[in-house]
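Please find the structures below.
Presented sequentially are two complexes of chain A, the first with chain B as partner and the second with chain C.
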Partner chain A sequence: MSWLTDLFAEYGAAIAKSMAETGYMMLASLLAAVLIGLPLGMTVYLTERGGIAENRAVNMIANLYINVVRSFPFLLLVVFFIPFTRAVIGTSFGTTAATFPLCFVAVAIYARLTEQILREIPTGIPLVARALGATVPQAVFRMLLPEARSGLVYALTSAAISLLSYSTVLGVVGGGGIGDFAMRYGYQVYNDNLMYLVIVIIIMCVLAIQAIGHRTSVRLDHR
Partner chain B sequence: MKKSRVGMLAAALGVALAVSGCAASAPGGEKKDAAAPQVLKVAAVTAPMTDVVKAAGEAIEGDYEVQLVEVGDYITANTILHSGDVYANFSQHIPYMETFNEGNDGTLVGVQPVYNFLIAFYSKTLDDIADLPDGATIAIPDDPSNTGRALKLLAAHDVITLDPDVDPYAATVKDVVDNPKHVEFLQVPIASLNAAYEEADLVFQWPSHIIALGLTPQKDGLITELDDRFALNLVVQKKDAESAATAALKKAFTSDQVREVIEGNGTIQTAW
Partner chain C sequence: MFPSSTIVEFRSITKRFRPGIDEPAALEDITLSIRTGEIFGIVGESGAGKSTLLELVNGLTAPTSGTVTVDGTDVDALDTRGMRALRRGIGTVFQGVHLLSNSTVRDNIRLPLRLGSRDGSVAMTRREQKEAVDRMLSFVGLTHRADHYPAQLSGGERQRVGLARALVTRPPLLLCDEPTSSLDASTTGDVLRVLSDAREKLGTTVIVITHDLDVVKVLCDRAALLERGRLREVFPITRTEADRTLPSYYDQVKRELMS
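And now, the complex of A and B:
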């Protein structure tokens, strides 16, 4: 196992730095997912035909955004975004700039997942909300979100794991992160042991995210 | 419905078997058949390399046929040559090949330099490398051999100093021992360097890529370099280096047809 300690001795600091970059990109994009993606998914659910706040135009626009962003092969989205990133962030290279396109994907993924979770709520609940004359905010905050919270947390776990995977290609705009590290210091220079080590580290991260998400989700499930 | 699915599966399997059977019967086109010409598969990634392979295919003489195998990346071009799935590749310079050999116990050899090009640093804002501001951002490639090449060129113009104990061709950003202008390095893939031109103070690039921005090393390069070590080479396995097929390939890759492609490209020059 001396090769393992040797690897850690030589690359430990670089691995830690890459992990921090990945963590930064994931946190920022998950924040976007919750703050923008969740309301967007809720909007799609509420505005669809027969929904609590039916509105065809809003529904179409929200759906269009989600579908278009999710259609892009992620690597192409990042490259396509370069001029927009530069216009908004001031630069299109580096970890912060790389997070910008990742946020758009995070919003789209989580909006769709949110919509799916809400659709699984028994149809009786929206009907009851209507019958009681609840306003839309009341229906959302008192009935839908409490009912769906366990599923929403579970879906966020799934989104987080997808985002970890997406973040690995951000090296193309100098974003760094653990995936880029494995490509450059492992794959490109044929340091296979280092690449395998990083893959194992990523697997452990995913297992941890999944375990935390699962537990939280179970705890929030009031059914 | 179920029956037709089984049928489709069987058909798919049949095709797969037929394809793999073909591949097995002609590994890299090694087997010689008296009647049919010997097929030499040559892997390449992108133009102008693929254009050169096509031109060599038109030029090849004797009982040979060149088959271009386009692959998605430069490492794959070497892996499939190493495994014998292709006879040769045309995708790299010797230092890049050596990195592969070291990492994979490879026995690849360069048998014919074909073309070379001026590499250069470009800047959207500067006209002279001497005006490089303090704390400037310099965009360089993120793969090992091109990183070394970029740093070596900067060191040759005193922007930085490299550790004298390190082979400059293998230098990394860590080997910069003196950085009087406190420059910062942005490392991105070659394909992203054109985008970096918009915002970095200084950008390394190949002529084949920078031409997309209307720039040429001769006119727009702030500092340039032509190094024979980085000429694009025809590469084969060592065991094939002296074979008749390789001799025919070498002749084809230095033919007038190939010369025409190289001279017509405008960003590269012949290296033989």
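And now, the complex of A and C:
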């Protein structure tokens, strides 16, 4: 096993730096998912036909955003975003710049997942909200979100794992991250052992995310 | 025995779900008054329009023509805010109860108080809210279940939580859609006791949909029979003291199978 200790000795610091970059990209995009994606998914659910805040125009626009962003193969989206990223962030290169398109995808993914989770709430709950004279914000915060919270946590887990995978692509715009590291210092220079090591690390990360998400979700669920 | 004032009035109500399309109306020319303080039954076969009639009262459905008034207010003329206020003054229990599955029994019952405290229709401190919830818990006999979740309850208990939630704001009017349809004889008795207590102790007017004529006989003062959207007849119900309790399951079985 001395090759393993040698690998860590030589690349340990670089691996840690890459993981920090990946962590930064995931944290930022998950924040966007929760702060923007969740309200967007809630909006789609509330404004659809027969919803408690039915509004065709808003529903169409929200749906259009989600569909368009989700249609892009991720690599194309990143490249397509370059001028936009440069205008907003000031540069189109580096970890922060790479996070920008990732956030848009995170918002779209989590919005759609949120909508799906909300649809699974029995239709009687919105009916009760109306019969009790709840305002829309009351229905959302006092009834719908508490009912959906377990599913929403589980969906966020799933989104996080997708984003980890997406973040690998961000190497093309200098995003760095653990996936890019494996490509650059493992695959491309025939250092297969390093690549395998990084893959194992990524698998362990995914297992950890999944375990935490699953456990939290189960704890929140009383159905 | 009861004040004869009217709490709900249906005046020549017709309801078509798809106006313009030639199909039988869901409700056709219904005129009916519900008196303050009575327990009023609505009976009829499936599809007769019972639920639709009830939904007109709290504005979940609007009539195609005719007017519904609650306490003199025309329901159809209310704006959003007025409609919310009306609904907060009417307790509703749905066929499937629909409790919040991730909230305890206590929090489910407290929900209407929390919703009402924002616009001032419920002016209670947290402590008063808790006391009101505790009173309702004992009123429906579920004090020992306060911290359980709905999934841990039996059907009859869930139905009583639904009633407690509907009654916690002390509404003058309670609407119940098939409160006993999924229950057996002894749990039906528990629910009926709560309904008659609501009238006796809280002064609530109750409108109850049911297909169970034993329920009507035990509970109601009058009952309307709907037939394919039309009001066939309103029956006054007279009962002796013996009629006040539900026949036992044995008696029901015997009556149905042996006659």
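The rule is simple: the second predicted complex is superposed on the first by the 223 of 223 C-alpha atoms of A that agree within 3 Å, B and C clash if a C-alpha of one lies under 4 Å from a C-alpha of the other, contacts with A are read in each partner's own complex, and residues count from 1 in each chain.
Note that in this section a contact is a pair of C-beta atoms (placed from the backbone, for glycine too) under 8 Å apart; a residue touches a chain by one contact, two chains touch by 3 or more.
All figures in this text were calculated on a predicted structure; none of them were measured in a lab.
Engineer: Which partner does A:Leu220 reach: the first (chain B), the second (chain C), both, or neither?
Structural biologist: second
Engineer: Please work out whether A:Tyr187 is in contact with chain B alone, chain C alone, both, or neither, and reply first, second, both or neither.
Structural biologist: The answer is first: A:Tyr187 touches chain B but not chain C.
Engineer: Identify the partner contact of A:Ser150: answer first if only chain B is touched, second if only chain C is, both if each is, neither if none is.
Structural biologist: Second partner only, chain C.
Engineer: Quick check on the superposed pair: does A:Gly124 touch chain B, chain C, both, or neither? Answer first, second, both or neither.
Structural biologist: After superposition on chain A, A:Gly124 lies in contact with chain C alone.
Engineer: Name the contact category of A:Phe93: first (chain B only), second (chain C only), both, or neither.
Structural biologist: first
Engineer: What part of chain A is shared between its chain B contacts and its chain C contacts?
Structural biologist: none
Engineer: Quick check: in the complex, which residue numbers of chain B touch chain A?
Structural biologist: Checking each residue of chain B against chain A gives 75, 99-100, 102-104, 139, 142-144, 186-189, 191-192, 195-196, 198-200.
Engineer: Enumerate the contact residues on chain C facing chain A in the complex.
Structural biologist: For chain C paired with chain A, touching residues are 58, 60, 83-88, 90, 92, 94, 96-98, 100-103, 111-112, 114-116, 118, 149-151.
Engineer: Taking the complex as given, what residues does chain A use to touch chain B?
Structural biologist: 79, 82, 86, 91-94, 171-174, 184, 187-192
Engineer: List the residues on chain A that touch chain C in their complex, please.
Structural biologist: Going by the criterion above, the answer is residues 122, 124-125, 127-128, 130-135, 138, 142-143, 146-147, 149-150, 220-223.
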